[in-house]
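Quick heads-up: structures coming right below.
Common to both upcoming complexes is subunit A, partnered first by subunit B, then by subunit C.
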Partner chain A sequence: MPSLALEGLTKSYDGATEAVSKVTLTVADGEFLVLLGPSGCGKSTLLRMIAGLETVTSGELSIDGRSVANVHPRDRDIAMVFQNYALYPHMTVRKNLAYPLKLGGVPKSERNARVEQTAALLEIDSELERRPGSLSGGQRQRVAMGRALVREPSVFLMDEPLSNLDARLRMQMRSEISQIQRRLAITTVYVTHDQVEAMTMADRVVVMNKGRVQQIGEPTEVYEHPANLFVAGFIGSPPMNFFGARCAGGVVTVAGREIAPAGTLEADSAGSVTGVEAVVGVRPEQIQFGAAGPDELAMAGKVAAVETLGAETLCHVQVDLPGVTVEAGEVTQGDAGANSLLVRTPGNRSDLSGQDAELRVAVGSLHVFDPSTGKTVVSRHGTPRDEPRGSEAENRRGLEDSQT
Partner chain B sequence: MRSSPAAGGPDVGRRLTRRPGIGAFAIFFGPLIAFYAVFYFFSVGFLIRTSFQKVSLSFRDATNVGLENYRLLIDDPRFIDAVRNNLVFAGVAIVAAMTIGFFISVALWSGVRGRALLYAVFLLPTLMPIALIAAVFRTMLESRFGSINEFLRGVGLDALAQRWLIDPDLAYGVIMVMFVYLIGLPILYYTSNLSIINTSALESAVLDGANPLRLMSQILFPIMRNTHKTVTLSTVLMSFRAFDIVFFSTGGGPAGRTEITGTYVYNYTTSGIKVGFGSAAAVLVLLVSLIVSAVQLRIYRSAGAQR
Partner chain C sequence: MMRLTGRRRAAAGRDSEDRLYRSRLDRTIMTTLLIAMAVLWLVPIASAIDRALVFNGWRNFSEVITGDIGGITLWQTYWNSFAIAALHAVMVIAVSSLAGYGFAKFEFRGKELMYYVTLVFLAVPATSVLVPLFFITRELDLRDTYLGVAMAEASLTMPFGVLLMRNFADTIPDTYIEAASMDGASHLRTFSGVFLPMSRPALLSLGSLSVMWSLQDFLFPALLLSDHGKTTAAQAVFRFKEYLAVTPDDIGKYNASLVLLAVPALVVVVASLRFITRGLAAGGIKE
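Let's look at the complex of A and B:
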């Protein structure tokens, strides 16, 4: 049984625009679900609706099979960790941790035992008598987690819990949170705009934009089979390269070479304002230097700039492919003339700077998108997807998965 | 502790907030200090000097009497009563501010209907001259023709129509009510604090299972301790200067029952003959209010050190 089920959940603050729009998804028992999206896409709003801190404009929400539409936040059996920790400044760490138990009517001796146990789990047992004001950011973070975990809620919500920590600490907490979550098998919804957190921690990722779910899937799936231009451009760092392609006679062609059947593409793109017939995407690490083999697309270009990162090198290569500008999942500009491809190659290749170069890309690693709808027509590994991998179809699948 | 990287934070902060040089201090505060110094030395010095003298308002023919004025003062039960009344009224005002005032502020902040109107109702008295309010209270409470008693008699509650300002105990109560009535400033302090408060601690408490009452008393109230401090101090100081409340309503009467230090000092210094005595009273009141504030600050500081 799913631990948490959302059905067409919608939130509008002003009655006109929807901050969260028709979100349908389920979270399985013990699953770690990450809500990922750019700032303002409605992640926090969605989380706060689950918590009951925000009213639901329309849609259904149930926890452990029970509809919680009219259930007060305190009776939903959820705990939440806020970005700014939201500790009680006037209480010691011990009292902070004990407070939810005290309100829950847990007897004093048991309360103490559970506080000690949780503090040990989070390694804050030596800070129990201190007040939040005297703790470091990382320690406050742990206390906030502890206070949420101590009463063993059925759903654990976290809203960008690591964003106030420095990079090192963030990395460390990332793996610690994952471990604790797995150990306690606690159903978790975790909000972030940091894709590294999403990729490393999530069982499944929900990519959101402008209040809508763009795709739901395992991290690798979202990376390898982005459902649309938005997901393709948002996931991955450095981002995916995009360029324009022709689409004639039911086939997508790049630089005169047929790369994939056009599927549903031709019909839709006729009315495209930008004049782009098809958008092709390829990840920087899928492009290699060298002469193309039989199943590969050959491109000639000139290395305009090189960024050496130690273990790998990012090369900006000017190629003769029609450029397209993709912003937030939409094609905003058509044929921009010369195009620069980002190529990610292992080792230190500063020697390539200013050189003419031959590039090769496996045809099977090209993604093809419909420029007017942004939907993926052909995904990596060359499999045309027969159903749109948008939110609804994917969610239906998610539902079935978790019901079996 | 594993989270050592973050421990650098406070240190950096301390380095950045190094004290400015003494030169800059002199430039910025010098003129201000000079101005205050002249003012303080002159007024307080003058006050202290006269407090050791027997002198009339003409300030001629002053004779030095040493501590005689102070001795007389401490032996005067009316003076002791005035100080006690001051403290009682201050206490009542503080308790009212921290309960009623706090509650009203939270209600206003959490968005009750008619918020603007309520703001006006509570804040307006603070903006009006207290003398005017006191005079209005006095007129309304006048026992024969005052509007309060006329109203009470009009609805048949003759028994409740009292001699408000003539009966000493009632008059005492009336002054208390007037102190409570001036709750606007504390409400202003509280609402401005509430508007910048971090609400996620409250949301956290709601999820932890706190009902509204607990939310107010166990989370919101303690979080606002700095404002309580401001409210208490300002109320105490206000009450020692709240001369007009009493003067324009009961005038300290009946029979000195509602006398506070302000009216006591006023009566002696303006009657023109015992200026030295009045000055001594003023000096003592100053001392008392300084001591009260110092004690309060001390209490708050030690409470603060615990966290």
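Let's look at the complex of A and C:
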């Protein structure tokens, strides 16, 4: 039985615009689900609806099979870690941890035992008599997790818990949270705008934009098979390169070379308002320098700028391909002129700066998108994308619902 | 490394000297102004102490402290003042903290209108509600009681209290309230267990100000307390005149009583100045 189930969950503040629109998904027992998206995409609102801190406009929400859409937060058997931790500053760490148990009527002896046990798990047992104000950022983070874990809830919610930490501590806490979650096998819904957190911690990722679910899947699946232009552009750092392509005679062609069958693209929407017939996307690491082979697309250009990152180099290469402007998953403008491609290559290649370069990219690694709907027509490795990908039938249905 | 040429170094030196000179000049002017203001404030107090020493010197003070003046001692007036001030502060804190919490953390129809109507009463002078308050207190059978005076005073202090507490409550992130709610706390438990302890600076400030204002209040005790035994320190300034300012010999004692009657409010201000400033400043910062 799924631990958490959302069915057409919708939130509207004014009755006209929807902050969260028809979200349908299930979270399995012990699963780590990450809600990922840019600021204002509705992911925190969705989490707060699950927590009971926001009312549900329409839809169903159940935890362990029990409908909780109209149940008070304290009666939902959930716990939450807030972005600013929300540790009570006037209480010691011990009292902070014990507070939910005290309110729950847990006897003092059991309360103390559970506080000690949780503190030991999170390695904060030596800080129990200190106040939150005297703790470091990492320690506060652990106390906030402890206060949520000590209740042994059915579902554990986390709202951007690492956003207040510095980069080094964030990396450390990322790994610790993952380990604790797996050790305790506690169902977790985690909100972040940081795709690195999503990719490294999640069992499954829910990518959201403008209140709607864009794609649900395992991190690698979302990266390799983005469902649409938004996911393709949002997931990946540096982001995917996009350029325009022709679509005629049932095939998509780039620089005169056939790269994929057009499928539904030609019949549905080729030659849309943007003037772009098809949008092709390629990850920066899929482009290589050198002469193209038989299954590769050849491009010639000039390296305009080089960014050396130590282990790898990012090269901005000007190529003679039609450019497209993609904003928040929508093609806003076609450009027949030159385009700049970002190429990620290993090692230090600062010698390439200002050089003419030949580029090659395997045709099978190109993604083709419909410029009018933004949907993926052909995914990497040539996988046709007639149906959106999802691990479960419910997720597929939810995705379809949310995209209508 | 950048090296300064001789001319540049000299210019930089002159610049820093100018700044030093200006800051010294500023400091001197400010200190002089502050001393002048302090002297101006001290003149009436010094004059009162000087008048309190006429005829019998310091004995005027000891006689006022130990003696009975028109059926009441100075200590009794202190007690009456503090009893009313404490009741007043408790009422103001209780109502203002609840109202401030409600206005800051709850959404309800007409919230802002109610808040602004409350604030409008900041502008209502005590004299304009004197007569209604007199009749209300009489109807409630609270004349000649500490509670009656404290309630009347609280009616005028509360708008400020609500303003202060709402401003402070606005600086407390909603996530604390939400966290308490998720931890299983009821609204009242969240208010008492989370909001009140976190509002300590504002509550101390409001409490101190309430006590101070009540100790200084002459109007409501004069209106609502006719029982001599319940005379407050501020009211005694007027009542002692009937008994002490009749003979030239007693003028010194009367002036000594005036100085001593100012002591409670002064002590409260000195003791709580830290809380008052901290609480007022905390309310003004959005963290």
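Keep in mind that, in the parts below, the second predicted complex is superposed on the first by the 385 of 404 C-alpha atoms of A that agree within 3 Å, B and C clash if a C-alpha of one lies under 4 Å from a C-alpha of the other, contacts with A are read in each partner's own complex, and residues count from 1 in each chain.
The rule we apply is simple: a contact is a pair of C-beta atoms (placed from the backbone, for glycine too) under 8 Å apart; a residue touches a chain by one contact, two chains touch by 3 or more.
Being a predicted model, the structure only gives us computed values, none of them experimental.
Colleague: Look at where subunit B and subunit C land on subunit A after superposing the complexes, then choose clash or fit.
Modeller: clash
Colleague: Could you let me know whether more residues of subunit A are touched by subunit B or by subunit C?
Modeller: Higher number of touched subunit A residues: B.
Colleague: Kindly classify A:310 by the partners it touches after superposition: subunit B alone (first), subunit C alone (second), both, or neither?
Modeller: In the superposition, A:310 contacts neither subunit B nor subunit C.
Colleague: Who does A:294 touch here: subunit B (first), subunit C (second), both, or neither?
Modeller: Neither partner.
Colleague: I'd like to know which partner A:137 touches here: subunit B for first, subunit C for second, both or neither.
Modeller: first
Colleague: Does the superposition put A:73 against subunit B (first), subunit C (second), both, or neither?
Modeller: Both partners.
Colleague: Just to be sure I read the superposition right, which of the two partners does A:51 touch: subunit B = first, subunit C = second, or both, or neither?
Modeller: A:51 sits against subunit B and subunit C alike.
Colleague: So, does A:89 touch the first partner subunit B, the second partner subunit C, both, or neither?
Modeller: A:89 sits against subunit B and subunit C alike.
Colleague: Quick check on the superposed pair: does A:104 touch subunit B, subunit C, both, or neither? Answer first, second, both or neither.
Modeller: both
Colleague: What residues on subunit A does subunit C touch that subunit B touches too?
Modeller: Shared contact residues on subunit A: 51-53, 73-74, 78-80, 82-84, 86, 88-90, 99-100, 103-104, 147, 151.
Colleague: Which residues, counting only subunit B, touch subunit A once they are in their complex?
Modeller: 1-3, 5-7, 9, 198, 200-201, 203-211, 214, 219, 222-223, 225, 307
Colleague: Give every residue of subunit A touching subunit B within the complex, in rising order.
Modeller: Answer in residue numbers: 51-53, 73-74, 78-80, 82-84, 86-90, 99-100, 103-104, 123, 126, 131, 133-134, 136-139, 142, 147, 151, 165-166, 168-169, 172.
Colleague: Help me check something: in the complex, which residues belonging to subunit A touch subunit C?
Modeller: Per the touch definition, subunit A meets subunit C at residues 51-53, 72-74, 78-80, 82-84, 86, 88-90, 99-100, 103-104, 147, 151.
Colleague: Flag every residue of subunit C that touches subunit A in the complex, lowest number first.
Modeller: It is residues 173, 175-176, 178-185, 189, 193-194, 197-198, 200 of subunit C that touch subunit A.
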